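A, B and C label the chains in the order they appear, each numbered from 1.
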Amino acid sequence: MFHLLDLFGTAVFAVSGALAAGRKHLDLFGVLVLAVVTAIGGGTLRDLTLGLTPVFWIQAPSYLWIASIAGLVTLLLARWRWLHRDFLPIADAIGLATFCVIGAERALAAGVHPTTAVLMGVMTGVFGGMLRDVLCGEVPLVLRKELYATAALAGSLIMVVLSLILPGMAIAAWAGLLTCLGLRLAAIRWQLGLPVFRHRD
Amino acid sequence: MFHLLDLFGTAVFAVSGALAAGRKHLDLFGVLVLAVVTAIGGGTLRDLTLGLTPVFWIQAPSYLWIASIAGLVTLLLARWRWLHRDFLPIADAIGLATFCVIGAERALAAGVHPTTAVLMGVMTGVFGGMLRDVLCGEVPLVLRKELYATAALAGSLIMVVLSLILPGMAIAAWAGLLTCLGLRLAAIRWQLGLPVFRHRD
Amino acid sequence: MFHLLDLFGTAVFAVSGALAAGRKHLDLFGVLVLAVVTAIGGGTLRDLTLGLTPVFWIQAPSYLWIASIAGLVTLLLARWRWLHRDFLPIADAIGLATFCVIGAERALAAGVHPTTAVLMGVMTGVFGGMLRDVLCGEVPLVLRKELYATAALAGSLIMVVLSLILPGMAIAAWAGLLTCLGLRLAAIRWQLGLPVFRHRD
């Protein structure tokens, strides 16, 4: 079940990368790069810093295929506005929730400190989108938007804390996933955000 | 022979990094950084994701010296317009072709899946230039320009496919190199490009 | 002593990241990310390229806590202008000097070539700030500003050369630290800079 959600999240993140490429008028290759980078960026940084090399998409190239195909399919479907206006934000929330739970789980399995595992969950969820925005020459959206990384932080935290208390991973993983998903959907619905820090030298 | 081409490619990529630094009015250190980052960025990401650490320029610091010296020499030669107008694009095509073949070869030697080896070839060829452009605050040129990464993809693909069929690497490597070089030179000569994807929310 | 300076440098770099986030009107999470990325970015790239994984902040999560708390405290103290006008540049110079000496030392301990160790010192000192600026959508300040990376280079070089000549690390480390600190403070005081390279195609 989580593996299916993982593949779904990969595809959804790839679509958001491809749409960003379209906004910047990139060519076909640019679409592919942004789709793949957005989809696998978070997991790649997680594996690199944990020392789990070769990274996951080298061990299982199916992630590359899914991201590439999702990026190309986006070209065909981009005209259907309901798709990226209504469906994408919800799909993206599912992807975020899945990625942060899987990231935290993989870090715990590598035997790291719980603090680090929480961070790895957040990083897996948000770093791909940050790379996407930097490649588009923009300040990453997740640093400015309504609750996004905060939802990932909450989900990752719940997941790690429960996994320390409860036997087995399943309940902890589902609780983390639903926490993140619920917060993110609420943030979209009511435009919840963190306070902004303004500073001038 | 390929080792010589590799050093040549390193120098040429460093020159393109140094020229980009000049366009942005960076100081001497900025020139050095952009020269080195452009020259070794692709190979570094390849080695990191494959888990081949310490990365190649730690095992052979000559790459750092070549890139640094090429960056500094660029300061002296930048006034000669024929150099960067006429010579650089062709030299850059040779560098791209060499890097993508060497990247694919190193990935195959590490025993990865052919799909991954093709990607590693492309990444080795184009990632340095992407870092250069991001550091200059611009959307990477390779995501927008006439056939560039596509040439790397073709060369890398030919190299990997032939290496699976033929005994020995030599023919596969030369075929890949010439494919990439030919496509890139044709793209420069006739301004061939991929279709562009335009999208508005 | 050096460990204390290391923690001090981490906090100072985190403050500079948080202030940059404030200048760009990022939200609370953006402040945290920029604080942490600026503080640990250089050491992370050093450990990744040397193959010293899991990276240092996974082995000692205290770095993450210090950077996060320093980032949040910045929100409270940002109104005190003397803090970031007068104190921060000097504190930042101490952080830079410490990071470049520690980076070079860690590379030497990993048994790399002296050229590489010098580069690792510079990278540890300046890469965090480069990431901070790229995430803010700007050309990194260290590529344009008065002597900054050059001070790191001088300190790192002195440290590595002396460590090859003298027995023990202590004198080499202090000499490197004071060289870097002295150059950086002199550069701030008299606005010393490297010549700028201007180039147009």
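In the analysis below, a contact is a pair of C-beta atoms (placed from the backbone, for glycine too) under 8 Å apart; a residue touches a chain by one contact, two chains touch by 3 or more.
Just so you know, these numbers come straight off a predicted model, no measurement behind them.
One copy, chain B, sits rotated relative to the other, chain C; on C-alpha atoms the angle is 120 degrees to the nearest 5. Two copies of one sequence, chain A and chain C, touch each other mainly through non-matching residues, since under half of the numbers at the interface are common to both. The geometric centre of chain A is 29 Å away from that of chain C, both derived from CA atoms. Under the contact definition stated at the top, the residues of chain A that touch 2 or more other chains are 48, 53, 134, 137. Across the interface of their complex, chain C is touched by residues 48-51, 53, 110, 112-113, 115-116, 119, 130, 134, 137-140, 142-145, 148-150, 153, 193-201 of chain A.
Chain C contributes residues 18-19, 21-31, 33-34, 44, 48, 53-55, 57-58, 61, 64-65, 75, 78, 84-85, 134-137 to its touches with chain A in the complex.
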